[in-house]
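Letters A, B, C and D mark the chains as written, and numbering starts fresh at 1 in each.
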Amino acid sequence: MFKRKGFLVSLLILLGILLAACTSEGENDNSDSQNEGADDQEAAEDVEQVLKIANDQEPAGLDPHKTPAHSSVRIYSQVYSGLVTFDENMEVVPDLAEEWNQPDDSTYVFTLREGVQFHNGNEVTAEDVKYSFERILDEETASHIASYFSNVESIEVVGDYEVQFNLSNPDATFLSNLTNASAAIVDQEVVEENGDLQQVAVGTGPFKFEEWVADNRVNLVKNEDYFIEGQPKLDEVIYYTMKEESARLSAIRTGEVDLTTLTAQSADLISNEEEIDVKDYQSLEYSYVGFNVNSEPLDDPKVRQALSLATDRQAITDIVWNGDAVVSGPVAPSMGDWSIDVESHELYQNDIEQAKALLEEAGYADGFDITITTASTYDDMVDTAQLLQQQWEEIGVSAEIKQIEWGEYIDTWSNTSADVLIGRNGSGTDPDRALNYFFHTDGSANVWGFTNSEYDSLVEEGKVTVDQGERQEIYNEAQNLLLDLSPNLFLVSPMKYVAVRDSVVDFVPYPHDGEDIVEVSKQ
Amino acid sequence: MYAYIIRRLLMLVPVLFGVSVVIFFTLRIIPGDVAQTILGTDATKESLAQLRKDFGLDRPVIEQYITWMSGVLMGDFGESMTTGREVLPDILNRFKITFELTILSAILSWIIAIPLGVIAGIKRNTKTDFTVRIVSLLGVSIPNFALATVLILILALTFSYSPPVGYVGFFEDPIRNLQIMLLPSIVLGTAMAGAVMRMTRSSILEILRQDFIRTIRAKGAKERLVIFNHALRNAMIPILTIIGMQIGVLLGGTVIIEQIFSLPGLGQLVLTSINQRDFTVIQGAILFIAFVFVLVNLLVDILYSYLDPRITYK
Amino acid sequence: MKPLLNIENLSINYMTNKKDFNIVKDVNIKIDERMKYGIVGESGSGKSLTSLAIMNLLPEVLKIQEGSIELNTDSTKDLANISKKEMRKVRGREISMIFQEPMTALDPLYTIEYQLLEVLKIHKTYSKKEMYKIGVDMLKKVGIARPDQVMKDYPHQLSGGMRQRVMIAMALICQPKLLIADEPTTALDVTIQAQILDLMNELSDLHNTAILMITHDLGVILETCERVAVMYAGQIVEESTVEKIFEEPAHPYTKGLLSSIRSLGNKSEELYSIPGNVPTPDQYQELGCRFATRCPYAMDQCFNQEPLMYQVQDDHLSKCWLHVEEGRANERSSERTRS
Amino acid sequence: MKVFVQRLIDDKVGLFGLIGILLVVLLALLAPLIAPYKPDTMFTEHVLEGPSSQFLFGTDEFGRDIFSRIIYGAQVSLQVGLIAVGIGAIGGLILGLISGYFQGKVDQVIMRVMDVFFAFPDILLALTIIAVLGPNLTNTMIAIGIVFMPVFTRLVRSAVMTVKENEYITNAQAIGVRPSLIIVRHITPNIMAPFIVQITLALSGAILTEAALSFLGLGVQPPNPSWGVMLNDARTYMEFAPWTILFPAVAIVMTIFCFNLLGDSLRDLLDPKLKQ
């Protein structure tokens, strides 16, 4: 009766065609690359050297001195260089600085590579280094990384390519702090033109910043004049903001993106798919339970120890991280020799009886009520909270879970307005950060109210001890002390997963740099 | 008519003023601090204080409001606290996408829902009617994030299809744009279609009982003429009401779908800014959404008078 | 010569999956060309349904169970058994209809022009200009002073009387052979009622259009009609010329109707004097006379056996057992009235 | 009333909806009796197992029994629906009655305030309210309630304005009956029809809104099992453990479906315009 039926049918067909068009387009891409892959390397050069990366968060800004967010770091670290960097073994190696020497324990002199240009053509000189670090240290900049360099007293330009850092006291962490992507060398001219560097990025790195379309994508293109010969191999890198895990999963499957980070569960799903390689690496992060150590009953170390004993870290590994995580102390195991073996530690044994005994000693034989606060933004934190709730129940601690969104979470963290807070820490690249920064009485990230003079003097000593072996011993002692006092419960350090299409070659993620793409090419 | 529109526009003023006050002062009560969110765990007390000072957050709240409002009145919505970008151009850019998504899903739902609603109404209490009603109700009953995720998964697994990544504007590349927008529009359209279909059906039922329909049949008119020229046109008035409401809701309510499908729309902007406590962006965006919402309502009212000669505004 | 409209044995049933019962039964009506015929009865008597049956506009749940509706114009058609397509050609062109409520009988969203000319568009192939002219002429004929203005108006801008005039114009614009008027004046003021009735009379004479007047108001019948059928509870109980019905009513129901008017001395909207109510279809007796429960003359027989239609005098039928007693029973169609 | 119930029973569709809702209510009330396990008991040896005789609907990522969680989830989802809509409806009723009855300045003020809230996008308004109050079950319900209030206020107001025109109200006013009495005795009963219909429809809306907030991590707090939370959590596992998403989805869809069926048929029954 209705001709509309015909109309509807044709509409459906139209939609079908549209869908089909997209699908076949994707297939063509695949068959193209397969054919070319079958030929030898000459053909490979025909492949568009464009790497598409799914970014799980929108970059918060591009200023390396102002933005610690990982979604930003992964981008600006490709655009900027620092004085020095880590190699794959986490040894400090030259970057912009060709070489350096130490006239005394608290003085460093760096010699710069000559003829390196910023992407805008300006040459990099000692003045730029001085400017960059003064910018970091300037209160007006409100740089997150200022705390790393608080003992830099002055920076002197010795020659065009020579710059000297004068420290107030010896600092064993200084060089490794310089490898931080945020310790980037920036161009004064660009800062002055734009006010800050949140929207622009002009560095000396392997890629040049081209365009940032908010909540959509960031495009980087090859820096033809990169100071390391033969790098990078890619012509273009595009970071697409894709917050939804299922969308990233679907996009890597269909080849819409070449590279993405995934959760353990999703990584498991595609590990068998032929066209996708899942690379994993032990992260430098660990999850923890933070205690407000000035609030009853958590002010009693026995209570905190009891909670540690009541915590089954293996269950957390199995359920939250799909079995792929290792138990961790305050220094993540991927830090190698710096970290101590915690597995055998007394408080890491899931011993309910012992825990109950400790609670009784502390005067809480019947347990107590407590609220566990966690960030709704991260599923792993919420899941960890739920497991702890169950586990602690066994020693009579009845917990309620409070989920808050990220903005409030950060606030809660910094004001210690929660008694028990689930979180994740990056332990940095030097144990000083993991131990001093987070737990020294004056540590800027010590929000827990934790204070112990013995511990304080240990980490202070560690910072100024230059001998590696000695330093290691000091930190071992500090870590053991920290475990005993348990201002935080250190849980596990998860694996990280990066899924890449098999058209991407030479991609190797490292704990300290999950996304090193200078050597990467596509075939 | 013009006098009416002007009066209605004037009535916007107190509403928007209310919205601005509510959002501005609510934001100042919400726990959370933009400086802390930006600087994260590495921040020092000094850098936090500096940043707060930069944003003017150290001044009295009333003063902050007056500064902001006088800027807004001059068309200056300020700069984002996190990205430093101008707020208004950002909002407008994002709005384009949300608007396109809204319109596409609305159109998609109309072409499906209105004919089905008419058919169900004409064939009341037949099997066709029941089928259409049940399907449409199911459409309304599924939480859209679940529908979206399931769709994404099924399409990826069975047709190895996923929407192209990286939004492009309609005028840059219409085909790619539509490919990107298709799935999210279908998901949003599903719920909308259900509601529109139900309203169409019940309005058609009501109109078909009216005397004038008998008059038109008595003239010897074909059933098609009766349905489309008379019944449907009369039914359009209540349908329009529900469409207007939905468009209004969608303009601010596509947050979840935008997030799942990685569309850089207004909803995402607000959500991100709420998470980051980027006050200037939240304030600006909410005010803008409210403005558009009230405008859509006004537009619907004006459309009424276009569709129904009995309604005149003075 | 064949009558213009010949309804024979028309029965209408209410039919759903669950229920099936009779509503209108054995209606026989003959209307000649140019004749003005009236059907009178209380609401629920089936008079309106009879008219809707002629137009094939019965609601879905109502079905013609039996009988024929023969329309003799250029050709002969049985409207009880006709395709939808054929019927559409009849509606508006050969038979048109005016409804009770001028307030709701027009589509509120279209101008008078659109709705008036819609009929022409459906059935004729005039140019726009011609159509407009015909429309304006028609509006003039129904006594509308400023037809050009009214053409542009929407229904809600017109008074009730004006709207009914528009309805008449719409009904007559294709010069149909038969105009069915279902309570055309009930919703109008008394003064306007008379004007409208006069107008209808006048125009039907002018266009040679027969009228089927459906009303509860005997006064309207007296003013307009030549013949009349009295309906009660879905059946015709008496049929004759208007004169005979008014002067020598035969059926007790008709007598009751007439006395109720006369007792009030003027036209009445309500029929007060007959005790009881019209039965609803589900109360219809299986056997016997449907009026028996309210009839002052009811006999035992009336409750057991349905009366036949008797010819009480020349050209005058009545359906009552009394006529046998009176000896005037001259059975007209016993073979049709089954009991 | 009797006629009304009879008609509802005759209307099979509405009856189906009603029975479905009663079933869910029954499930919720009898949850401790029906559910084989507690909703937060973790069987860590049985993580993500498919349906079996031990776990009727399978288990989730913590090894919790999905069947039990769905039954307890009915409690949470219904509670959210009822209380949130209760807040919105009662608030809207009071404001709408005052606004519609007294009109004038009071009306202006109330309606402008409602306009302000109406102009906020639903989800974002709820999000903001929760951000201020802090996320927990109670605040979620309050937030959804506030979001719904303007709709109820407008509905009640316009219904009151229609009813007020009736003669018996004018008469009551003329003989000096107190306004409060007129509102309670005469007006309120007469606006119940559209009000009740709106409540049924809002109930399904509230459950959906809670689900949407769960997606944003601001709905019901874990380990409480609301259907929305279950649905959202299951998205990660649905590919290799489809039962984790299937059963909560069916529960939520069927419940909302039933509310809508009931709402639709109540509207048909209570709307005089649609009477046959």
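Keep this in mind: a contact is a pair of C-beta atoms (placed from the backbone, for glycine too) under 8 Å apart; a residue touches a chain by one contact, two chains touch by 3 or more.
Predicted model, so just to flag it, every value in this text is computed and none were measured.
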Of the other chains, whose C-alpha centre is the longest way from the centre of chain A?
C
Centre of all protein Cα atoms: which chain's centre is nearest to it?
B
Leader among chain pairs (count of C-beta contacts):
A-B
Centre to centre, by mean C-alpha position, how many angstrom separate chain A and chain D?
43
Chain centres from averaged Cα atoms put chain C and chain D apart, in whole Å, by 52
Distance from chain D to chain B - Cα centre to Cα centre, in angstrom
22
For chain D, write out the residues touching at least two other chains, lowest number first.
131, 134, 216, 235, 239
Which parts of chain A, given as residue numbers and ranges, touch two or more other chains?
246, 377, 405, 407-408
Which residue numbers or ranges of chain B touch two or more of the other chains?
30-32, 149, 153, 223, 274
Contact pairs between chains, per stated definition
A-B, A-D, B-C, B-D
Chain B partner, complex, touching residues on chain A are 1-2, 4, 8, 11, 15, 18-19, 21-23, 26, 52, 54, 58, 60-61, 66-69, 139-147, 195-196, 198-199, 213-217, 238, 240-244, 246-247, 249-251, 253-254, 256-257, 377, 405-408, 410-414, 417, 425, 444-445
Chain A touches which residues of chain B in the complex?
30-48, 50-51, 54, 82-85, 90, 93-94, 111-112, 115, 119, 149, 152-153, 155-156, 159-167, 175, 178-179, 182, 223-224, 259-262, 264-265, 268-269, 272, 274-277
Enumerate the contact residues on chain B facing chain D in the complex.
14-16, 18-19, 22-23, 26, 29-32, 130, 133, 137-138, 140-146, 149-150, 153, 157, 198, 202, 205-206, 249, 251-253, 255-256, 267, 270-271, 274, 286, 289-290, 293-294
Residues of chain D touching chain B in their complex?
13, 112-113, 115-116, 118-124, 127-128, 131-132, 134, 204, 208, 211-212, 215-216, 228, 231-232, 235, 238-239, 245, 249, 252-254, 256-257, 260-261, 264, 267-268, 273-274
Under the stated contact criterion, what part of chain C meets chain B in this complex?
55, 57, 84, 88-93, 96-97, 99, 101, 104-110, 118-119, 122-123, 154, 156, 167, 170
